[in-house]
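Shared chain: chain A. Partners: chain B in the first complex, chain C in the second.
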Partner chain A sequence: MAKIMIVDDNPDISETLKTIMELEKHETQTASNGEEFLNKVEKAKPDLVLLDVMMPGLKTKEILVKLKEKGLGNLKIILVTVVRFSDEERKILLNEYNIKDYVTKPFDLPDIVNRVRKHLG
Partner chain B sequence: MDLEVLAVNYWKETRKDLKKVLSEPWKTLLLFHNSKEVKEIVDFIKKLSGAKKILYISLTKTDNAIRPYFDDMETSLFIVDCVSGGVFEKKNTRTSFYENPPSTIDEMSRLNDKYITELYPDYIILDSLSQFIDFSTTTPKNTQNLYDFLNTLKNSRNSCKFILLYMDTSSKSVSFVPSYDVDIILKMEVISDKVYWKG
Partner chain C sequence: MTELKEKSKILLIIILLAIASFLTYYFHAVLKTGIIFTHFFYIPIILASLWWKRKGLAVAIFLVALLFLGDLLIKKVPPSYDNIIRSIMFMVISIVVVILSERIAKNEKLLRYNEEKYRTLFKGSSDAVMMLDEKGFYDCNNATLQIFGFSKIEDFIKTHPKDVSPQNQPDGLDSETSANNKIMETFSKGSNHFDWVHRRKNGEDFDADVLLTAFRLGNKQVIQATVRDITQSKEIIDTLMLSNEFSKTIFNSMKDAFSIIDVHNFKIIEANDVFIKEYGLKKEDVIGRTCFEITHNAKIPCDSPEGKCSLRETRSTGMVSSAEHIHYGKNGEKIYLEISTSPIKDANGTVIQVIHISRDITQNKHAEEKLRESEEKFRLTVQSANDAIILTDSENNIISLNKSATIMFGYNEKELVGKSFLNLLPERYKETYRYGLDWMLSGVSISGKSIELNGLRKNATEFALDISVASWKTTSGTYKASIIREITERKLLEEEIIRINMELKIADKIKTQFLSVVSHELRTPITPMKAQLQMNLAGYFGVVTEKQKTSLEMILRNTQRLDRLIGDVLDISKLEAGVMKFDKDRANVNEVVKNAIETMRQKAEDKNIELNLKEEKIEDIIIDTDRITQVVINLVNNAIKFTNPGGIINVDISKSDKNAIVKIKDTGIGIKKEEQEKLFRPFVQVDSTYTRKFEGSGLGLSICKGIINSHGGKIWIESEPGKGSTFQFTIPLKYEKNEKRSVVNLFEKV
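Now for the complex of A and B:
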């Protein structure tokens, strides 16, 4: 069992991910924006974060910078997003931003489960 | 609870006469689609005639993800990218503009007006209305705003045409469509599966 944080401003998506992760026997916490996530993350100590890209408030790059400032730059993050990036941009996300994986919405449930399993090792 | 019929939508297969449909006079076109990637959308845009200057306002794809698909099209492409700025450091160029994502239809409308005034495009692609509205729900937020926005576009006196994309990947049926508020509604269905004969 792992601790997973789900960060998404869409309550339907957040609830879906929460249900799937709990069926996988993981402990979950949710946040609906970057500020709430950053407020909760130190106490929650998640093993993995499922992070939406386009949320109101803090931008993704600001969230990642603030995580580094908190000493949490190595936190495992999977982006779950409707945004389509180019191949080059995906490489930057994975290599330079230390993002572990990238899942596009609408996501396939078995696919996201497999990716989470893979990154939790 | 008994279910009630909320809407009856008729969809006509127009592949053979798509060119004819698109050549008729129209100002606004709403395209329902289930395409997860850029290619099928751009292939549709390539079917439009007289597209010398296109303005693509994107809330779901980055400039870098869109632009290569237009390489073989003889048109001036301007992209307003509302997503890259949230992730990467970006600076405006002559043809690429980076904006914060509009969070309401009113903000989308203001963004639209700003770039029409600056660029005078032939076609404007808004990608995507699904960021603001869910046509599968019966009591969507912003409904009146949506109708106002669509009618403003439909009745605008500028010469540009508007293509409004709506990514329809919900497992629920579309329960209403703004039939009277756009000139043409089309549905593009992309079917993907493993190609078994390739082994």
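Now for the complex of A and C:
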């Protein structure tokens, strides 16, 4: 039972993830872009964030930087993205921005469930 | 002493006169007898005359007077006849004695004078003069003492010649024997003149010139010896002899040909070896012949065509003259000479002979010619060069420039010679030039380095140029040669290339971005599709019936296929655009291939196909692990696709000395030769019938090709219908950065 924040501009994906997380018995909140996410995150205090890349508006990098500025650099984040990262990039993401993991779209149901469990547990 | 002697003499005479007076009185007055006592008078007369010569006559006169007085005063008679006779006798005797004694005295004086003279000469002679007999020295002068270093005559005259000589003379004979021999010789010959080595008292040896002269002194044979220290003169003589030798040696060893020629008849008086050799003659053939005979084989003195005759010039001007001249050698060959003549004048200052010195400059002349030739060549090369060549001195002033330089900068030659090279550069490049010069010339005179600058033409336009500078040192300074090439075209090209590169980079960026967006857009709808299907199948929304399951699974399958297709299209697009990013790192090929195979193992098992691996250990190489995995999976997948159940797929990992080699051999249906060519092309499937059967996208192999090519490797197939296929690819062991932009051509003509 954890608080999960889902950030994705596509409502269907957002909805789907919400469904999955709720079926996992987690509390969920959603945001459809970076700005909205940053506004809500402080109050929401999620245990884990599922963050989409390539949203309109603020670039993901900017979001992450702003998050750090707010002092929420410790927030656990899983990137949900079409992009594949190299090992180098993964290392940087982890060290700099606490990106614990990433999931490629379209994600595999069991896979994402396992990862979320892993990083919460 | 003499005063005392004199006084006693006077006293004696006075006494005698007193006695005489007494006797006269006594005999006349008292005894009144004979005058025999007058004989006694002779004593004082003789003595006085002897002693006082003319003055002594006074005594005689006194005594005569005494006689007369005796007669006159005492006897009171006139002087008797006897007395007169006696008086006359007295006077005569007195005068005689006076004359005699005067003469004796004179002789004595003369003798003493001579003696004194000789003594002085003897004593004062700067030559050491000594007297010796068979025993040794018995007399010597001061010079002798000085020369031998004795302080007293007494010490010297105890010696024998051997005592003032070293043990042996230079000829080896011992001094004593030799000295005695010399003495004996002198006695027999009368005189002897020879060199000798003496030794001073302090042990110092010196060369001496000895003259021995034999004398007869009474019945004795003596020798007068004169010894002269000739150390210095010997040195001078030696030096002179040496210098004479020296001059002779120099005369003969000088490289220049020396000769002394008489100015009137041109005859050669003296010549050195060099001169003689030059004409291949002997000395006797040269001396006395005329110079023109020898040097020109001519009958008359040489005239202007061959250069002025410096001999004649010296003869008329009395000064040193020089000229270049041509003589003819022993084989008639031309000898180029630099001649100088110096005058030898007589007492009146007229030139009677010349010293003729000639130096062979034939070689120099040849060298000069060669130099001139090479200079010409150089000049032509420089003139005809397309590049501008400019020569400058150490102050960067232009000495010369070629035609290309004048054209390049738009000046004519006169305008640039003597001016500073820096005038040809825009102000802001002058510093760069100086700096560049240092860099180009640092340590070497030709470095092959060049610098790029702008040049400034006469019409004030600038242009890009490339300068390369070489420098060299001579005795008159350091010179630089600058080779300048206009590089405007090159520069434009360079700029073009940079611009194109930038455009390409931008294009790449655009493409990459596009593809990212496409990827994102295409995958976004598929995401919820896939997830929702999975959730349904997982029973998230309730129990699913068998028919629903089948239906949902079909949709899911196709959704996944769609996803794969999108992936392939994106991959091929990236490969074609050359923007596929590879994540290359050091990895173990064996591991990568093995892992890839394992992911296909289930699929192979499901189709009852044997999947084997044979491997050779390959060292780690640089590859994109994920992409190579993609390749292996693709190939194995194909192999499974085209092999019937019960077939075998053998994977072989091996290496050659340059490559890692992976082979995937199947026992499938094989592929016809004509079809093989099309295999790696995008969207080409071997047979349209297969498309439906085998569900490929048609892109797999072209993507593999793109990936393998990006690694610098090759991928190909060996196959025969019915005999299976072997797909193989190689990857170079040594990583080389692949500059190829596009590794796949989507629009290649079939």
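Just so we're on the same page, the second predicted complex is superposed on the first by the 121 of 121 C-alpha atoms of A that agree within 3 Å, B and C clash if a C-alpha of one lies under 4 Å from a C-alpha of the other, contacts with A are read in each partner's own complex, and residues count from 1 in each chain.
FYI, a residue touches a chain if its C-beta (ideal position, glycine included) is under 8 Å from a C-beta of that chain, and two chains touch if they have at least 3 such contacts.
Please read these numbers as outputs of a predicted model, since none were measured by experiment.
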item: Simultaneous placement of chain C and chain B on chain A, clash or fit; value: clash
item: Which of chain B and chain C A:22 touches, first, second, both or neither; value: neither
item: First, second, both or neither for A:54, with chain B first and chain C second; value: both
item: A:10 touches, of chain B and chain C: first, second, both or neither?; value: second
item: Which of chain B and chain C A:92 touches, first, second, both or neither; value: first
item: Partner chain(s) touched by A:82 [first = chain B, second = chain C, both, neither]; value: both
item: Which superposed partner A:106 touches (first chain B, second chain C, both, neither); value: both
item: Touching partner for A:69 - first (chain B), second (chain C), both, neither; value: neither
item: Superposition clash, chain C against chain B - the stretch among 134-142, 188-196, 710-718 or 728-736 that is involved; value: 710-718
item: Contact residues common to both interfaces of chain A (with chain B and with chain C); value: 54, 82-84, 86, 88, 106
item: Residues of chain A touching chain B in the complex; value: 53-54, 56, 59-61, 82-86, 88-89, 92-93, 97, 104, 106
item: Chain C to chain A touching residues, read off their complex; value: 516-517, 519-520, 523-532, 534-535, 538, 540, 559, 563, 581, 583, 585, 626
item: Touching residues on chain A, where the partner in the complex is chain C; value: 10, 12-13, 15-17, 19-20, 23, 54, 82-84, 86-88, 105-110
item: Interface residues, chain B side, partner chain A - complex; value: 36-38, 59-62, 64-65, 68, 83-89, 101, 103, 131, 167, 169-170
